Amino acid sequence: MNPVLALDIGWGTTLAIKAVIVLAIVPLTALILGYVFLLKMMSHMQSRLGPMDPGGFHGWYQLLGDGIKFLQKEDIMPAEADRRVFALAPAVVVLSTFLVFVVIPAGPRLVVQPLDVGVFYALAVSSLSVIGVLMAGWASSNKYALLGGLRAAAQLIAYELPLVLAVVGVVVQAGTMNLEGIVHFQQTGELFGWSGIGFPLILTQFIGFALFMVAAQAELTQPPFDMPVAESELVAGYMVEYTGFRFLFFFIGEFGTAFAFAALAATLFLGGWATPWVHGTAADWLGPLVLFTKVMLVAFLMFWARFTYPRFREDQLQAIAWKWLIPIALFNIMLTGVLKVAF
Amino acid sequence: MPDETPEGGPTLTEESAGVLAALQAELGDAIVEHAIAAGDVVVRVKPDAWRRTAQVCKDKLGCDYLSFIAGIDWMPAPLLADEGSGDTSAPVQPREQTYGVAGSAGRYQAFAVVESTRRKATRAILKTDVADDLRVESWVSVYAGADWHEREAWEMYGFVFDGHPSLRHLYLPAEFEGHPLRKDFPLLAREVKPWPGLVDVEPMPGGGDDEEAPAVPE
Amino acid sequence: MTTTDLPEPGKLPDVDVDPSAFRHLADAQVNVELDTGDMVLNIGPQHPATHGTLRLVVRLDGERVIAADPIIGYMHRGYEKLTEFRTYPQITTLINRIDWLSSFANEVPFISAAESLMSIEAPPRAQYIRTILTELSRIATFLLFLGEMGLQVGAITPAFYGFRDREYVLNLIEAVTGGRFHPNFNRIGGLKDDLPWGFIADCRGTMQKVLASCDEFEDLVAGNPIFQARTRSIGIIPAELGAAYGVSGSNLRASGVDWDLRRDGVPYLVYNDLDWKVWTHPDGDSFARYWVRLQETRESARMVLQMLDMLPAGPIMAKVPRIIKVPEGEVFVNTENPLGEMGYYVISKGATGPFRVKIRSASFSNVSILPWLLRGVYIPDIITILAGLYFILGDIDR
Amino acid sequence: MKREIKGMLTGLGVTFRTMTHRAVTVQYPHEREEPPTRARGVIALKEENCTVCMLCARSCPDWCIYIEGHKEQRPPRREGGKPRSVSVLDRFDIDYALCMYCGICVEVCPFDALFWSPEFEYSESRIAELLHDKDKLGEWMETVPEPEPLEQGAVVKGKK
């Protein structure tokens, strides 16, 4: 295993550094996405400016301040709540976000823990959040929260399948489940014999990419699939009873997971950290930047849809998953398989 | 005025005249009186024909649309302040109990407006007297929308609508007592606070010239 | 995108919603195999979808409504009682606050009622300005609706567009009347003031903006397949039942009833001089209500543009005694307000104030159909139905 | 299906287009919109015109104007005339927490002592502090704008 920063240090220290990096990166990415998209892009799409004063430059400090404010707030728990489960639920949600980050490579050697079953692992741990959401909905002892939690469970489970199936095409083409392997495949691949831009898999897996984006949107419970939260119906769904730092956990979970899914999409379909003509040490330094740019691009698409579309109804959502996404995904896998064998 | 006939006075519009003729043909004796209110026909029917009137309006006149049902209390409201006290905050209404167009037999009346969505400017104002037992026939079986209007009238005036499925409080809390729109129900907002217009300019002690009106300039 | 690109009115889209399937499921056993317990959910009085303080107590089987009971009155201010203690000019201030989104339109029927009892007619210029301002408040109300409906269905952005575009119209109203929300601009016999210099030019520009933003709403909301999936076949009001409930205005026109008091009622203001059209939609569902209001916003903008060209010169006040005493009599005046039929039954006994005023407000009757309408729908549909009916709490509770 | 896809894309187009345009927000404390001349922001009092006739207090629908005054003897205007008795305003309070901003008081004032001003920045942190006295109302006189010209076709009244 490569050390993180080309330094020869013991595995214990490495582990500690890795843990710190992951712990730092999840809130950081949540902050960045929250600021760039939730505060700024949404505002401008709605013909407003968003926060302008905090921090001086375009209100960059706003979210940070909000976070600190959340930490200072009183920890309120409903009297009837199942206290232990109630307290544990946000942690479970955030945990699943942390775990996804573990396998996403940000450069040739910059990955917390390369896994041979990286894709499988990432999608598996991302669905852990369902449990947290369900716990939150159940433990809140609130009817809105319960409805929200049950909706979330039904929805996340329904969209787990298309999400996985959408990725299968990529795995089939790249021939590996290792995320680093997939990136390498895309970096070194050739497009009709021309290696100028490598071989980003979106070119052949555009159906998979579209499915992945739709399913990811549902996994993130973002509009048009935000029924578990459904501001105008369930007020805030499973989050309705949460305040202070527990709510902050959900917020970090939401945006951190959005970043993680965007990073997964960027890695699987857009070539991840790879730039085809950059190798070696340069790639070490350029990789995170390239990945970040791609992630922001993917996140822009996600949030663009989020701020534009109304939401479906729960039954319509299920119909879309089972009647459209899954058949299309299966068809895509079949097509990929046939083409893989043919060429 | 109750007994005023529309001679030389206001006239009915063509549509209202048609409504009146049709109502007279259908209801006959049940009509106690009719009058005109700014071109509209006001028909006062016997209390026991109240629901039949609605049915006739809906079936025969094409008045398929219920605008509202409400109550009136013709009793003059008790004065807020004694006469001569200078309190002119509320408009001064006549002190004797008079009734509006088409008359009334007593203090309470229920009235309603029905309209037609199919014929142009076709509508009827219907009134019926409410006796002391405050019982009125309900219209819910004819116009489904009468439900809330009758609940409101029950709450505000205490009218009991026979045949209404559930007379519950509509606006006010369930434990509320009294019927706020009755004229003898006090408006507390106007009683808890003295009228600021009452305070008049007082002359300086020993200043003389009390008779000069303060308001008139040079 | 033009209107023709929208689905044919009357033709149900290929969404997997069969209205007959759940319309009266309330009467049937909903879940045969697994007998689930009912849950009573209390929506409101403080809930994002209730525009204020409407409260709905719904009995649910899963997410399906078995019975719904709207509870109103959290904002009841007793205006009918208050009017008995006030003079006519003072009442205008109060009735501004019944339907606060289109306050100017509220004033018109009351002032007309008083004018009718006093046999006064406002001069033509005043009538035109009244009509212009009434239509402006209609546009302001509907623009908010067009955005708000998007919000209730889950899209945040249209709401901001609604507020933004409404502000242009409110600025016009404020420039004329001095009040964005509560103009208090009508006087018995005319208006408080004439139009300020530059109003006509400003108004023309704003109407173009309104037409443009209607196109935007069509692209962003009405044309969106998700929005259509959420609103089509949801909350169908049959025409006869709607009329019997007293549902009025755009809600009734969306059920295919070609009835607009501006055209079909007792003539008022200057609508008969204008060239305009009453929009109807045969479906009667939430989408139809959205569509009708969208068209009516455009129609109103066109009417305002016409009136700006036709505005006659002259005084804006008729001769009116200094102290207003309204002669004895009764009159019922109803007008087509943005939310539906707004009517005042004024009984005068010759004093400076009325003896009794019955306020017939549109939202009250529009909402009274809810117990019928909500049976058998899902929770998300409650919200679209509420949003589609478009009520103002002040207009329900008075 | 084609219509659905088109419907999805036009929506994205609308939000994207708006994003590229200038936002309509006015950053309030830094920049401010000018309310129109007629805006009913606050009622200003020209104390010297007030004759304590109480008309405004009486016609107020909310009973939110409180006036007190007394009479004073003033020396006669002309030599040898009778001494005049004038009313002097002691108190003129408007409770802006109750005021409905209807403007009836401004209209009924026969001596042009009350004016509308578009001034709107007088919020208070406590509701009782919204009761403003005649000094405060007098200060707002400076913000009262000149009446603006009327639109063409208007009949300009002789007075005012």
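Note that the chains take the letters A, B, C and D in the order they are written out, and that residue 1 is the start of every chain.
Keep this in mind: a contact is a pair of C-beta atoms (placed from the backbone, for glycine too) under 8 Å apart; a residue touches a chain by one contact, two chains touch by 3 or more.
Everything numeric here is computed off the predicted structure, so don't read it as measured data.
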Selected pair, greater C-beta contact count between B-D and B-C: B-C
Chain whose Cα mean lies nearest the overall Cα mean: C
Distance from chain C to chain B - Cα centre to Cα centre, in angstrom: 25
Length of the line joining the C-alpha centres of chain B and chain D, rounded to whole Å: 36
Chain A and chain C: spacing of chain centres that average the CA atoms, whole Å: 43
Between chain D and chain A, distance of the C-alpha-averaged centres to the nearest whole Å: 54
For chain D, residues that touch 2 or more chains besides their own: 8, 11, 14-15, 18, 24, 59
Of all residues in chain B, the ones touching two or more other chains: 89
Residues of chain A engaged with two or more neighbouring chains: 45-48, 307-309
Pairwise chain contacts under the document criterion: A-C, A-D, B-C, B-D, C-D
Residue ranges of chain A in contact with chain D within the complex: 41, 43-49, 52, 304-305, 307-309
Residues of chain D defined as touching chain A within the complex: 8, 11-12, 14-16, 18-19, 21, 23-25, 27
Chain D contact footprint on chain B (complex, rising order): 88-89, 193, 195-197, 199-204, 207-209, 212, 214-215, 217
Contacting residues of chain C [partner chain B, same complex]: 72-73, 76, 78, 80-82, 84-87, 116-117, 240-241, 243-248, 252, 257, 259, 264-267, 328-334, 341, 343, 345, 347, 349-356, 358, 360, 364-365, 368-369, 372, 397
Parts of chain D lying in touch with chain C, wherever the complex brings them together: 3-4, 6-8, 10-11, 13-15, 18, 24, 35-40, 59, 61, 100-104, 107, 116, 148-155
